[in-house]
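The structure that follows is given in the form of structure tokens.
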Amino acid sequence: MPLTDLPLDALVDFRPNVAEPADFDEFWARTLAESRAAGGSVVVTPVATPFTDLIVEDLTFPGFAGEPVKGWITRPLRSESERLPVVVEYLGYNGGRGLPGERLQWAAAGYVHVLMDTRGQGSGWGTGGDTPDPHGSGPAVAGFMTRGISSPDTYFYRRVFTDAARLIDALSEIPSADTDRIAVTGGSQGGGISLAAAGLSPAVRAVLPDVPFLCHFRRSAALTPKAPFTEITQYLATHRDTEDTVFTTLSYFDGVNFARRISAPALFSVGLMDDVVLPSSVYAAYNALTVEDREIVAYSYNGHEGGQLRQWTRQAEWLPPRLG
Amino acid sequence: MPLTDLPLDALVDFRPNVAEPADFDEFWARTLAESRAAGGSVVVTPVATPFTDLIVEDLTFPGFAGEPVKGWITRPLRSESERLPVVVEYLGYNGGRGLPGERLQWAAAGYVHVLMDTRGQGSGWGTGGDTPDPHGSGPAVAGFMTRGISSPDTYFYRRVFTDAARLIDALSEIPSADTDRIAVTGGSQGGGISLAAAGLSPAVRAVLPDVPFLCHFRRSAALTPKAPFTEITQYLATHRDTEDTVFTTLSYFDGVNFARRISAPALFSVGLMDDVVLPSSVYAAYNALTVEDREIVAYSYNGHEGGQLRQWTRQAEWLPPRLG
Amino acid sequence: MPLTDLPLDALVDFRPNVAEPADFDEFWARTLAESRAAGGSVVVTPVATPFTDLIVEDLTFPGFAGEPVKGWITRPLRSESERLPVVVEYLGYNGGRGLPGERLQWAAAGYVHVLMDTRGQGSGWGTGGDTPDPHGSGPAVAGFMTRGISSPDTYFYRRVFTDAARLIDALSEIPSADTDRIAVTGGSQGGGISLAAAGLSPAVRAVLPDVPFLCHFRRSAALTPKAPFTEITQYLATHRDTEDTVFTTLSYFDGVNFARRISAPALFSVGLMDDVVLPSSVYAAYNALTVEDREIVAYSYNGHEGGQLRQWTRQAEWLPPRLG
Amino acid sequence: MPLTDLPLDALVDFRPNVAEPADFDEFWARTLAESRAAGGSVVVTPVATPFTDLIVEDLTFPGFAGEPVKGWITRPLRSESERLPVVVEYLGYNGGRGLPGERLQWAAAGYVHVLMDTRGQGSGWGTGGDTPDPHGSGPAVAGFMTRGISSPDTYFYRRVFTDAARLIDALSEIPSADTDRIAVTGGSQGGGISLAAAGLSPAVRAVLPDVPFLCHFRRSAALTPKAPFTEITQYLATHRDTEDTVFTTLSYFDGVNFARRISAPALFSVGLMDDVVLPSSVYAAYNALTVEDREIVAYSYNGHEGGQLRQWTRQAEWLPPRLG
Amino acid sequence: MPLTDLPLDALVDFRPNVAEPADFDEFWARTLAESRAAGGSVVVTPVATPFTDLIVEDLTFPGFAGEPVKGWITRPLRSESERLPVVVEYLGYNGGRGLPGERLQWAAAGYVHVLMDTRGQGSGWGTGGDTPDPHGSGPAVAGFMTRGISSPDTYFYRRVFTDAARLIDALSEIPSADTDRIAVTGGSQGGGISLAAAGLSPAVRAVLPDVPFLCHFRRSAALTPKAPFTEITQYLATHRDTEDTVFTTLSYFDGVNFARRISAPALFSVGLMDDVVLPSSVYAAYNALTVEDREIVAYSYNGHEGGQLRQWTRQAEWLPPRLG
Amino acid sequence: MPLTDLPLDALVDFRPNVAEPADFDEFWARTLAESRAAGGSVVVTPVATPFTDLIVEDLTFPGFAGEPVKGWITRPLRSESERLPVVVEYLGYNGGRGLPGERLQWAAAGYVHVLMDTRGQGSGWGTGGDTPDPHGSGPAVAGFMTRGISSPDTYFYRRVFTDAARLIDALSEIPSADTDRIAVTGGSQGGGISLAAAGLSPAVRAVLPDVPFLCHFRRSAALTPKAPFTEITQYLATHRDTEDTVFTTLSYFDGVNFARRISAPALFSVGLMDDVVLPSSVYAAYNALTVEDREIVAYSYNGHEGGQLRQWTRQAEWLPPRLG
């Protein structure tokens, strides 16, 4: 439960050298272009739930390679007659979209809330996920962090980040959504995905990652005591001659490199006693932002749970002026 | 993660002999009468939150000894113009009511949701509680389970259960609440409190405890591997000559004894791999029910998290026909 | 470290009712026929190693769907001029074939030793694996036990067990191998795979599973305290309505059902303090054998490590008379 | 078991800036004055024990708010006819005075030994305590460290430290005690209380804290891995906006601030592998002493157990010349 | 912390079949005769301590093979002029006699207290031991439980139990000791040694073992979850073919076999949540007693700490009428 | 699993001041001379094993004080007709030589492989050891690290290191061994022993320690979190006044002091996430080498398992040019 990383005053100025591949932008432009070319359709269907005073809909949209990805849309009754701003939320590691109704705050606060299922995951906690990942893998640790890690083309998060960006594309086909007012958010892995979505999709107007995972892979693999960064460590412990390959692959997915490309205002959070996502990896991404309108809330005595509803309340205050 | 108790077929018929004090009803009649006599007023005040499509209000009501207890009322917009059925929810061990907005499902499903803060607690997880417990204690383990345990009159849960029953009384002063349609629910400690509330308050029309704690204290103290039942074990390990006193006190608070007195329909849940609340203690209470309209959902592969939103979804289906 | 299961005298007679699908044989006949139809070639290439007094070769053979699977052949120098009996070995959970030279005992004892890489695995311990698994999956726990578990057709072990049987087919193309004298062995997952190989391939003349995993899934998922059976438990904890589907799928892969079909002599081992593979699951398979020439060595004070080299020494004595 | 803090040469010079409230002395003067004004009587009664060669008596004295606090007096037979020097001992966290006879060393060494029960505690280890704490609390972690932490007036240790000082007052009514020769001691929490007693009571002639707890709260809450300092961390993790309030309250109780006020000779001990009380927090207090006659014994390879009887033996050598 | 063994009503009647070697008595008669023949002298020397009101002396006596073993004598001042009854105490696993003054209760209660150092041990906790064990060992687990276990002649506890019996012999040379009034006691290993001493030495008039270790080795090695019985398990896990040899050796040292031979009144204690010494192993010894004057105090909610000072207080009441 | 010590660039230059006794060489010269004077004979006997294509022989040689020590010789068939280079291997902590056949790599690579049993050990893992240690000890922690630690003459490793050097002497009596080509190796404790053997025996032509244990005792005892260095810490925690004695003894056995004396080429390995043997202790020894032909392979993501077969493969490449 004690501090897990540098003291706060060092974190505030922590700007490590994180490798960026020369063809980072090209890689992602090609990746998105290919998936957009694969087509697929957005399907929104009503779903029977116990909710009488909010609306929940089942969403299917084309993700990586046009493959169908699931989500839930949750929105106020009045969104039947007016377009409302959108908050897209991505999920933590190995969670799934679950049953309708897990996360109602944004809808109750007047947003169209779109929760993206994470392909292949959805089995670690909660009430399950519904999206397969139809891609195999080379030898991998029992987890998602090293699937396809021998190349950026086959790496698991290439598919997930593409899903995330393609969901932003799909919003234009959701009638209740005002696509001029899109924010992305998520905790842990969801925070990492939201950095990728904001870095890849200019339509994103605000990014609100909580205790974001998937940043500064090299330092995190060396120093993080708990899973899931340790999956990378375990892989390298077995595949002892692949260190360069692995970190080259990961450099295409590092939240720090996405942060450099984000032009939307940003509100981060971090827990200084976090032993799953080291605070220095969060500050590495935060300090890489070039946008001026940014803020980070440091919870000095919290671990990976971060600020919980307190941070959400801060987000709900911070967001409206940014979305206009 | 394996099974923690008897196999399911033995649980289904588990009807242990749980001691009941001769003056159980008298004790509680006196306790409630005294607290009702202490008076106090119900105060509902609007509270500024980010929510635009649900209403949240701050509640203060007189609990044990008339002392003020806090809560949140969360309800649909349309409850401004019509009285809606009520779900009262009690909290798990050492949680607090937190910030407005932690639990929105019942309100979004068309209920007036009233969340009771637990006095003295609110500091173990989440975003905090706001209700003091102005009563001291004899020597106690560092926890709530043994505070005042030397007598039923001073025991911590006497105050909490009285708060719970007094909240049912207070509903009549909440304009949006239809007091002919009251249900009580809660997980873990909240499940135990809901059994007490249903056993003490005839106005309760349905009781929906999840993985209820505070049942069959004697077996639980002997066999439960994890906190908080172990607080009782630790107390008895130190105060080695108090076993009779302790279990006499606890018999006034045992969920099994409240279950015998419940006349409302009941929907329970239980996790067969629960190592915090042993399944046999849940079945001990469930099998003590005399009401015919009862059901228990057993989650074979879950621990203390139970059914989570899946169980809530089942509750939301089950409840409307019972409230009429 | 204490006993983890029934006492030995109860284990010896433990013959539980394990479900077997009506189309078990048809499923596997179809599966093998399809993979055999997919073709593919067996490639054996010399490999430079430090070994001067044993020969190691790199093996590639067509497995499930004709996909290439790797292995090592290790054999005595004199196998250049005479065909020798064969011991095929399968690997424990998430191990890989590693570098040449991990397991030299069988070759030094005069056998052609063929070590099969496990597709997709090879990253949990040791010096790595080399075989990809080019098949995706629906939502799954971070592990191999639940990949594709929604159907026997997509389940991970369908591919692995087919690889195992196809390796027996491939032996006929290995010049040093005497295909009239084939034994299969392996520890833990490797023991489970060897049961499948022996059940599926009549060419197998002896089966020597150590502390075999993958038997009596239903009991193991309910009672095993440690990974990897707990992956199934965790999946069912999340996907709460899939219990029937999951155990139907698993019934096509249960070592108990393969054991019923084995006609080769068998030498098992079991550790009575094993908390990874419960002894009762091993006896469930052992007691399902119909072959008369069978033996099980129980290590009373060992866990999942079983008998280690002591059991290998027993195997090396037991095997020659069976292979003739 | 390795070192838990700075290396010894850095500890020796560790003089951190610990906040001290401007009204520290006034707060304590007022507190003691109020409790002295509340009156109450000192009662010493013989107690039947198995001891024939030492005398044990039951002590009740007026503590905070005049409330009765228990203790044991243990003394040599010859103290019937002569006044002997006094060692007052305070207890570790959640211990109680127990049964007569737990600690006989000081009496056997010729002192009147007075062991103070800690109000509300006495249930964590040993043979129990007998002193209630008749004061309630706002929301608190399950422990004693955060009870009433919202204000110095309501904080738990205000009552305990006042009890400790009032016990020094009470010694004048114990016939066997020579009040010109009073020392205070205790381990862990008992060490922290002894610093407070020595800082508050000019009658104390020597202070001998072992591995003293309750020093430098801010650093300890940030860096200590184990309970009970973590109770503060947990409280701040939940009550995220109370950091200033909490540390303001704690500054009235910090052993560093009491150490600055101690004029009696001091003998400290510290364990350099202590993970319950960080060595730096002990040195923070020790280095704040202004008295010249001071010594600290560092046990390089010990944790929170410190020097045990070795340190007591050193204390028993060190004390006589100081008491004269 | 839950119950670790059979329920109390089954324990009370637990009379397992524990093997006894035919030459048990002969083995011990020979062993004691040889050591007595080895001679050696008893040396009692004054020791400078801080104690003014009790006397502590350093004891050296001839143990196994006449080798010197250390101890402390602690006694009341009045024992200078009168012989007092004796309590001999043996120590828990890997403790040592420590510094003078660790255990003063018996002396303060009017006994000559003789604390025996355990040869070779004294380094696991406390303030150290002073007695070497000048005997080597065959391969052994890192601990004392398997040293010399290949034969009763070389087994570690042969030497320790002989020391224990030879200390009873030595009492006749201690002037303050009344050898008509000798009791033996000890906790855990000390309880096991006291059973041996009482079984071997007719001069012992009362035996008071607390949570005695070293009973029913076969069941304990199979079922005890924690060290040190697990040392035997670990040895058998490595030396897989030595089970018969090991348990034959241990049968010469089993507390159950000593209990059968005890003719002195006995007061046992047991903790029903003990996971170091299983309650059934204690009852196995207790129920093997043939003496009618026996009692066992069961602490239902305690682990290996047992009754602590509460049990000592019971002992101090129980003992005087037995010693006359 | 994260890094356990200094970053790699600091390790590379880590040259701490490690104390060396003035009579280090004299102590070892005397020790070896005495043991050589004790005589004893080397006995090599054929052993029946399952191996047909490698030869295994049982070895007995005179070690410390001429006492018999066991080993296995494993060698290629062709060594019947030609002398081959020798690799002597020492074992990890509390392992034994086990059954014939545990380690076949070196023999299969064309070496006479001689595996030395470690006296007194052989019971912690694997298939057991066969060599007693006929020497007793003063008080010691339950382990081997503190046996006889009060003097270099009685310290356990004096006997083990002498055995190791005497085994080099014995090679001249093994017909298959080419004593002009001797290398020593081993992992963990075996690495530490190989440093001693190479420092003491000029006949050693190459030394290949893996993750060598027993280096820089003072730092290791202060900072290593896991056993077995913690045995020293525990001893010092109990025997609080022996720090100087203990570290004086250990200075005669420190791998750093042996490294200074090694003239053979050296190939080390180290795991940067090793929490059993801190990387800094390995570099302390490596950087103390004065020989120019040296290399260290750092495994950045491995713990105490180090490079496993990958490192062995590197060793097998590196060794032939050094042995000529």
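Letters A, B, C, D, E and F mark the chains as written, and numbering starts fresh at 1 in each.
FYI, a contact is a pair of C-beta atoms (placed from the backbone, for glycine too) under 8 Å apart; a residue touches a chain by one contact, two chains touch by 3 or more.
Here the structure is a predicted model, which is why all the values come from computation and not from measurement.
Asks: What is the set of chains touching both chain A and chain F?
Replies: Touching chain A as well as chain F, we find C, D.
Asks: Using the stated contact rule, I'd like to know whether C-F or B-C comes out ahead in C-beta pair count.
Replies: Output for the comparison: C-F.
Asks: How many Å are there between the centre of chain C and the centre of chain D, using C-alpha atoms for each centre?
Replies: Once rounded, the distance between the two centres reads 63 Å.
Asks: Measuring from the mean C-alpha position of chain A to the mean C-alpha position of chain D, what distance in angstrom results?
Replies: Between these chains, centre-to-centre, one finds 50 Å.
Asks: Please report how many Å separate the Cα centroid of chain E from that of chain F, as a whole number.
Replies: Chain centroid spacing, chain E to chain F, equals 39 Å.
Asks: Could you list which residues of chain E touch at least two other chains?
Replies: 126-127, 234, 240, 310
Asks: So that we know how the chains sit together, what is the shape of their touch graph: line, ring, star, complete or other?
Replies: other
Asks: Check the chains against each other and report every pair that touches.
Replies: A-B, A-C, A-D, A-F, B-C, B-D, B-E, C-E, C-F, D-E, D-F, E-F
Asks: Quick check: in the complex, which residue numbers of chain C touch chain B?
Replies: The contact residues of chain C facing chain B are 221-225, 230, 233-234, 236-237, 240-241, 243.
Asks: Hey, which residues of chain A end up touching chain D in the complex?
Replies: Chain A residues touching chain D: 1-3, 273, 299-303, 305, 307, 310.
Asks: Quick check on the complex: what are the chain B residues that touch chain A?
Replies: Touching chain A: residues 49-54, 76-78, 98-99, 101-102, 104-105, 107-110, 126-127, 308-310, 312-313, 316-317 of chain B.
Asks: Within the complex, which stretch of chain F touches chain E?
Replies: Spelled out, the residues of chain F in touch with chain E are 94, 96, 120-144, 146, 228, 234-235, 238-240.
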